[in-house]
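For reference, the structure is listed below as structure tokens.
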Amino acid sequence: MNTLPLASFAGAIEFIFTPQDSNVTGGNKVGGFDKSLELVLKHLEVTALALAIALIVALPLGLYLGHRGKGELFAVGFGNAGRAIPELAVIALVAVLIGVGLKTVAPALAILGIAPILVNTYVGVRQVEPATVEAARGMGMSELSIIRRVELPLAIPTVMGGIRSAAIVILATATIAPLAGVETLGDFIINRNVYGENGLLAGAILVALLALAIEGSLALLQRRLTSDGLKVKTA
Amino acid sequence: MRTDQTRMRVLLAALAALALTLGVAACGSSDDSTTSGSTESGGEAGAIQSNPANGKVSLTIGSKNFPEQEILGEIYAQALTAAGYKVKSALNLGSETVALKAVKTGQISGYPEYASTALTSFFGLEPEEVPADGAEAWEKANAEFEKEGLEAFEPTPFASANAVGTTKETAEKYGLKTVSDLDGVSEELSLYGSPECPQRIDCKLGLEELYGLKFKSFTPVDIGLRYTVLEKGQADLSILFTTDPQLSAESDKFVILEDDKEVFPAGNVIFVTKKSVAEKAGPDYEKTILQVQEGLDLKVMQELDARVELEKETPKQAAAAYLESAGYVGG
Amino acid sequence: MASPFLLAAAGQVGGDFFKERTSDTLPCQAQPDHVFCFDWAKENIDRYGTPTVQHLEIVVLSVVIGFAVAFALAVLAHRRRRLQPPLLAATGVLYTIPSIAFFFLLLPLTGFGRDTAIIVLAAYTLQIIYRNTILGLANVPDAVKDAARGMGLTERQILWRVELPLAIPEIVAGLRVAVVSTIAIATLVVFINAGGLGTQMYGSGNLTFPTSIIIAAAIVMTMALAFDLVLLTVQRLTTPWRRVRPA
């Protein structure tokens, strides 16, 4: 790259807001605010959908296993294994073997998010003081109530940590979803030919900002949900 | 708490897994230099002579990011090595804008480009303005390149073009023989193409503006999946290349629609390089490249594409087999 | 189609250069619903050697650099409490930014290639190693530190001879997570032309080839498992007296 770094970033910011010329489009302009916003929303859409699927699958399972104290090897092993799964392979295999498009990509992304949610929920529940649970039982609460009103609130910091991890990995992998037929911000990055260097950088900037925004929001949510008694230690 | 015995077992398992990984790594660090066994070495073109004077020149050969391009890049790179140059390859650069920039900035010495792509993408020609004759197209492109201090060597025998393809069933169902036949039908059909296709005049944009077609939907997929999506019944229409091996090997399954309005110009391959690079590299640079591409007619290119895309050989292997079989490089 | 531009004496390939191919005679790897082609795998396993070595090199360099930086920062912040929140936030930001975006953010500065890959991957490991080191140091019981002070050790000696050794299990736990994550993420460096096993999953048509993707993924995960087990053993060997929590 012979351009100065700052000039490149300036060019990228400009790309986000005003449509640019492009060689291959026969005169049509690319980029601009509308397109950027469209892709940001699409990216969020895919991420939210996959995260929702992951939550529906992993949260109840983690709560149940943690409450009963069963399946530590499974839950923890899954978590460690989950970290080792290469995201690119998941997207690639789904695209080739099953099919392209949101219907197949969303579950694939969800798989990546299941591991951190499962592990953290399990560990979070296990770390609740047994005495507290016994006391609740002593008061006559049903098992389900104990999970809902005692264990889950106490496990919130750890559980939310898992959800945040899942959100980040899903959002990151959604960047390469255009390879499998789902349009996201990754479009700017993968289609350098159309969007140019400025588009490439713009895509990267937008993904980074989006990730920080999601992480920040979830951190705030965690703080809101954490009961005051737990807010003693720093995260 | 684990006992010592269990700890030892864990350690041994870990070391075994580690050894397995390193074994694979060690196994393959050597270059894969297998060539497919063609015993007859062909015609009169003659082997490439190695010129020691070329050893002082370092070249980097680039290519765009799909198999046919990488095969070509490998052919040129290996041929130039045989001619005595010090050659590095930087294949899989990206699309044409990226590759051209790489030549201009000196990142690579040169790369193979399609004359049609150069004319429409770099020099703003409308698709119907691209000359059908390969020599004419080259001259036009070369004239433009020279204005920027670049030059393009003479073209390959074969030419390739984008094409709208579909399954035989779909073609029969809707009576599709040419792209114009899609008029009135395409609204019910889904189109799959590369992520940049919607904005390319030699892709969906051209179909919309120059054929006046509208599609039910467009889905971006990696070029490598262009046949998979047809196979799986996900795509009604897919953007293919006329040199694709699947078109002959699986001709009972796939068919391309004739480009009757000539929106997808065919391009012979021309090697694009900087004038200054060519001068510094000496006469063998151009001579070797032109010599080694003489054998690349349509049939040969399709065979090479078949080896890489169907049999999953590496472009390096396919290129080596070609060079050897045609007698350019001693076998 | 353009008329072929022919030179006088064209080079000819040998007659047996061409293979007959029909839909029924296509080999396993060319067929659409293949999931895994054992024959192809056996014949072409050496294709994975160089990418595996590249992958290992990038991972090792990134983790070593990341560890060095994170460790130094943690030791620095252990004494100066005020530095902890900003450092945690800074390493957190580097962790949150998706690697693939980060690669391209650095493009104007360091371009394509291995250097960018290593910088980004190292940055990714900072948070976990920094946090675990801080945590490990903080978990050293005050009683032990007092005893050491009583024996006349200087603060620096206490750090290196007492606190850090006791913090090792926590540090190794963080290193484990860092290594496993880095091995997986390093597959993405293919997007900045830095090689690695990602090249066998995507690029020049590999995206269409399940066998290759599966083999490459299997190597990645085996590598991760191997490193994880070795480090886990180290972690357990250094804490015979404490029950190890799951990472």
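Should a chain be cited, it is by its letter among A, B and C, assigned in written order, with residues numbered from 1 in that chain.
One rule holds for everything that comes next: contacts are C-beta pairs under 8 Å (C-beta built on N, C-alpha and C of every residue); 3 or more make two chains touch, one makes a residue touch a chain.
The shown structure was predicted, so the numbers you read here are calculated from the model rather than taken from an experiment.
Undergrad: What chains do chain B and chain C have as common neighbours?
TA: A
Undergrad: Based on Cα centres, what is the most central chain?
TA: C
Undergrad: Quick one: report the Å distance separating chain B from chain C, using the average Cα coordinate of each chain.
TA: Roughly 31 Å, centre to centre.
Undergrad: Counting in whole Å, what is the centre-to-centre distance of chain A and chain B, each centre being its mean C-alpha position?
TA: Computed from C-alpha means, the inter-chain centre distance equals 36 Å.
Undergrad: In whole angstrom, what separates the CA-based centres of chain A and chain C?
TA: It comes to 19 Å between the two C-alpha centres.
Undergrad: Can you list every residue of chain C that touches 2 or more other chains, as numbers and ranges?
TA: 202, 206-209, 225, 228
Undergrad: Taking each residue of chain A in turn, which ones touch at least two of the other chains?
TA: Touching at least two other chains: 95-96, 179.
Undergrad: Identify all positions of chain B at which a residue touches two or more other chains, and write them in rising order.
TA: Expected reply: 222, 225, 228, 232.
Undergrad: Which of the residues in chain C end up touching chain B in this complex?
TA: Within the complex, chain C touches chain B at residues 1-7, 9-19, 21-23, 26-27, 29-30, 32, 40, 44-50, 52-53, 56, 193, 202-209, 211-212, 219, 222-223, 225-230, 232-233, 236-237, 243.
Undergrad: Name, in rising order, each residue of chain A that touches chain B in their complex.
TA: Residue list for chain A touching chain B: 2, 22-26, 28, 30, 95-96, 99-101, 178-181, 183, 187, 190-194, 196.
Undergrad: Provide the residue numbers of chain B that touch chain A in the complex, in ascending order.
TA: Answer in residue numbers: 94-98, 105, 120-122, 126, 192, 195-196, 199-202, 205-206, 209, 219-222, 225, 228-229, 232, 234.
Undergrad: Per the contact definition, I'd like the list of chain C residues that touch chain A in the complex.
TA: Residue list for chain C touching chain A: 35, 85, 88, 92-93, 96-105, 107-109, 111, 177, 180-181, 183-185, 187-188, 190, 197-198, 201-202, 206-210, 213-214, 216-217, 220-221, 224-225, 228, 245-247.
Undergrad: Mind pulling up the chain A residues that touch chain C in the complex?
TA: Counting only chain A, the residues touching chain C are 1, 3-5, 8-9, 72, 76, 79-81, 83-89, 92-93, 95-97, 119, 123, 168, 171-172, 175-176, 179, 186, 189, 197, 200-201, 203-205, 207-208, 211-212, 215, 234-235.
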